[in-house]
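In what comes next, chain A is part of two complexes: it sits with chain B in the first one and with chain C in the second one.
And now, the complex of A and B:
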């Protein structure tokens, strides 16, 4: 039963074909069954409570929540040793809203430590594996949330997205991953990585389900000063697959084989061929699709700008992890020594490297060349996109430059166009706070690949519609990883 | 000089780490030093964009028109029991901390 979509489960629950207790039990059993092989969870909530009084679209539906969101009375580690014993005494707003809507949290999911990574391999409880192929990673940082949905443990999960941390794992896992407009979902209670880029979003197995989840978790929150005012939109009721007359664009250089001359391979050929098919399918659906050229130098600078801004903000955001306010107490004779010891022991090497990078970027002598230039790149990109959205309803593009990589992959050339652009351009969505969704659009070497759609600020419904239309003519809605099927 | 900036050294990296109140071992600094080859090239990419210096840095995704200043009054308090629930060591209603002042 639990492998169904939220929409289907709602009907079964309302017609009393099943009960919420049965669903939750099945969900928890599956979570345990797959835990050793895939490592989706930091904590599985055996005593997950059912809210009998709620009657909403999410009532009685099991879900999973990324372990960087505060859950009252439930261990919340951010997959880091420095928070390995932390039990919040309050709920994040998104958790509070899910509870109110009647959704049942069955577990806290693994992430890359402090959400600072894209591989799903750096959490303190070990790597998360891809349900389509255990030899491959699922991507990160929302690795456990993606795996739990791809495995069919839960019909939806909550993730966070600072560069592409929902949308890329969704592509690698053959599911839907949605990051709404910045401010649509409150960040109160989310452990910050880079505040100006962080978003809360969701994983589902259908676009309609993403709309349903968003209806449940959106809304103005006085505790988050960047929260947007409420609107009357109801995504579930208003979503439509009629996109006749809609205008879409794609970045010409991203879909151009010549861009990747240095490391072009058969896999990339199939990804680009698939994308060309998507373009034709959108035209069949009545949309227009046009190529738009970007300055290659700006495209090259997107990932470096993301890295710069996120590392700089992260060094500041995580300065409260001292072993005094948060984390296991360090040893030493002075406050400084206690903090120094706690932070030296509490952070993994990767996190320390990122923090040092942030520290370097913020040094007075480097700020102009690094930090301020990165923020200038951000404005150039966002201004260009905002201008384009005056004419177009959405941008489409491949969600990743490869299928999910193997754990022991060869070192990638970090300066190649494939890595700099195709693997990392989704950060555009974070730069401008644009709503952005990934949905499955095909297979390459028996692994799923995804399409990304990014739209204008506050045009979340438009983005959902564009995704919903394509999903309606593709056979991937509701799919679960075949390895576990 | 490298890319218009002073050469990165292990000592400098150690200084940056120490400013953030942690340390790494020698091997970790070596790995990071190699990583800075790429990071430095990344930073050089910004400078290749024409007239980048004339662009105003952007610190936030978009202009917010809904921000209000809150009144300077209590809005949320932490209950003592809640605050104590996460402490490693406590005595009665107080958190036990190590002695750091003579």
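And now, the complex of A and C:
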């Protein structure tokens, strides 16, 4: 039962074909069943509060929540040793909203430590594996949330996305990953990585489900000053697959095989071929699709700018983790030494490297060269996109430059155009706070690949429609990883 | 050798608001430690700042009162450093675009007027308070997140007196504008002093020494004086002054080195991403401007030039804005300014000080004071009696006219009634009249006394004296 979409489960619940407690029980059983092999969860909530009363679309539906969202009374670790025993006493707004909507949280999912990372391998409880192939990673940082949905444990999960932390794992997992406009969903209670880039979003197995989840968690929040004013839009009711006359574009250089001459292989050829098919399919759906050329220098600068800004903000954002007020207390003769010790023991090497980088970037003598230049790149990219959105309804492109990599992959650190641009250009959506969705669009070497659609600020419905239209002519809606099927 | 002293001040003052700068916790003086705290003040993971607009308004008001330029947008910055009194590991403050820049304030230094240039004023949050003991420290987070305004002057003062005059004026502005209670005894106002000495007439400033967190004006004065002495002696001995931070110890009145400043600490400032820039609309700023009352300096000048009141009296009256407003109300009602100043400075303020009560609680309204003063002017009661009436008024909470009636002290200014009594007394004292005419002038006092006795003190003494003289002349 639980492998159905929210939309289908709603009908079953409303017609009393199934009860919420049955669904929750099934979810929890599956969570345990797959935990050893895939490691989706930090915490599985055996005592999840059952909700049989129907309060709306999400009522009674089990879900999973990334372990960097504050959950009152439930361990929230951010997959880091420095928070390994931290039990919050307040709920994140998104958690509060899910509770209000009647959704049932069955567990907290693994992430890359403090949401910093894209592999899903750095959490303090170990790596999360790809449900389509255990030898492969699912991507991060929202690895557990992606795996839980791809495994069919829950019909939806909550994730966070700072660079592509929802949209990339969604692609690797063959599911839908949605990051709405910045401010549409409150960040209160989300453990910050880089607050100017952080978004709360969701994983689902259908575009319409993403619309349903978004209806449940969006809304102005007085506790988040960057939260947007409320509008009357109801995504579930208003979503349509009629996109006739819509104008789409893609970045010419990204779809151009020549860009990747130094790192080209059969897999990438298939990804690009698939993308060309998507373009044709969109044309069949009545949309126009045009290539738009970007300055290569700007494309090259996106990833470094992203790293620079995110590391800088991260080092400041995580300065509260000192073990003084909460978290494991360090040892030492002075207060400074106690904090030093707590942080030395609490973070992995990778995190420390990011903090040192961030600290370097923010130093007075480096700010102009590093931090402010990165902000300028961000501004150039956002201005260009905003300009394009005056003409176009959305940008489409492959969600990743490869299928989910194997755990011991060699090309991770290679500074090829493929890694630099294709693997990381989704950060454009975070730079501008643009709504951005990834949905499955095919298979390469038996592994799912995804298409990304990114639209203008506050045009979430537009982006959902563009995704919904493609989904309706593709056979991937509701798919669950074949390995577990 | 003689030296030019240059002083700059950085003054922190807590802003009076209901809640803290970025959280809904109460902003209240609290005996009990860690009572006014939420997850936001303690920086638990996932919390976000929410700007207190009352504090923003008050900061704009203070910036305007200090004649500063106010930016069109309000930004905040992060100042990053690790210390247990700073739960987030950064302080939200303003560095790039403070709420006020390039201002000034005029202050009296003795009888001279001195213009103090303000570099900037910025809004930020206070840290927790720490108490260090031998083997442990206690942290009270009640203070963490309380809105704080930091006023930074240019290095434009040259003596402890100037610095004190500025601090006093600044404190009064905070109080006058209802921005802060500015109580140093509660640590609401704290001061960093930067001081340098250079050979007299030198065009470059000497090496700057900083003294941190001095918590009373008296200590600021003592610290500056000590430092001038210390540096003068050092320079005279051919020593070099080191750029450093010193701590003032109010037990032995000396300053001690805390740390040498090789390079300034790098706080890695950057714009706070969780607070969107807030537009300070022109109308908003104008509206705030209109709420700024006439300040102390301007009031003193007005009293001196328009009311011809001494600087001393004017200074005493404007010390408390409510007193100044009371005074101005009285003038508005037509009381002679000088008479009024006497009443306020000597009788009323003495009474308020004695009873430790504010003027708002004084039963005697400006209108009542006017009635009372008029009784004296009309010769119906004496000044001395007026004073008695005042004390009865504030004691019994009754109108002065009622008190006068009850006391039966209204003086008789009825010419014929007094004249009849005078005639009777003179008739019985022919011998004394002769002595008076012969030059014994104190006889007049005896006659006045007799009339007073006969009228039980209700005769107007001046009038009585005149009538007696007239009647004696007739004989």
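The working rule: the second predicted complex is superposed on the first by the 478 of 485 C-alpha atoms of A that agree within 3 Å, B and C clash if a C-alpha of one lies under 4 Å from a C-alpha of the other, contacts with A are read in each partner's own complex, and residues count from 1 in each chain.
The rule we apply is simple: a residue touches a chain if its C-beta (ideal position, glycine included) is under 8 Å from a C-beta of that chain, and two chains touch if they have at least 3 such contacts.
What you are looking at is a predicted structure, and each value in this text was computed from that prediction instead of being measured.
By the touch criterion defined above, A:335 lies against chain B and chain C together after alignment on the C-alpha atoms of chain A.
Set side by side, chain B and chain C differ in how many residues of chain A they touch, and the one touching more is B. Of the two partner chains, neither chain B nor chain C is touched by A:389.
Judged by the touch definition given at the top, the superposed model places A:41 against neither chain B nor chain C. By the touch criterion defined above, A:282 lies against neither chain B nor chain C after alignment on the C-alpha atoms of chain A.
Once the two complexes are overlaid on the shared chain, A:172 sits clear of chain B and of chain C alike.
Of the two partner chains placed by the overlay, only chain B lies in contact with A:352; chain C stays clear of it. Residue contacts after overlaying the shared chain place A:192 against chain C, while chain B stays out of touching range. In the superposed pair of complexes, A:83 makes contact with chain C only, with no contact to chain B. Of the two partner chains placed around the shared chain by superposition, neither chain B nor chain C is touched by A:235.
Chain A uses residues 86, 88-90, 196, 223, 225-226, 315, 319, 322, 324, 335-336, 339, 359, 363 to touch chain B in one structure and chain C in the other. Of all residues in chain B, those touching chain A in their complex are 4-6, 8, 13, 16-17, 19-24, 28, 31-32, 35-36, 38-39, 41-43, 45-50, 52-53, 55-62, 64, 66-67, 76, 78, 82-83, 85-86, 88, 97-98, 100. Those residues of chain A that touch chain B in the complex are listed here as 85-90, 182-183, 196-197, 223, 225-229, 295, 297-298, 300-301, 303-305, 307-308, 315, 319, 322, 324, 328-329, 333-336, 338-340, 343-344, 347, 349, 352-353, 355-357, 359-360, 363, 365-366, 369-370, 372-380, 382, 414-415, 430-434, 457. Per the touch definition, chain C reaches chain A in the complex via residues 39, 42-51, 78, 80, 82-84, 87-90, 137, 266, 268-270, 273-276.
Residues 68-70, 76, 78, 83, 86, 88-90, 92, 187-192, 194-196, 222-226, 312-313, 315-316, 318-322, 324-326, 335-336, 339, 359, 362-364, 367, 371 of chain A are the ones that touch chain C when the two sit in their complex.
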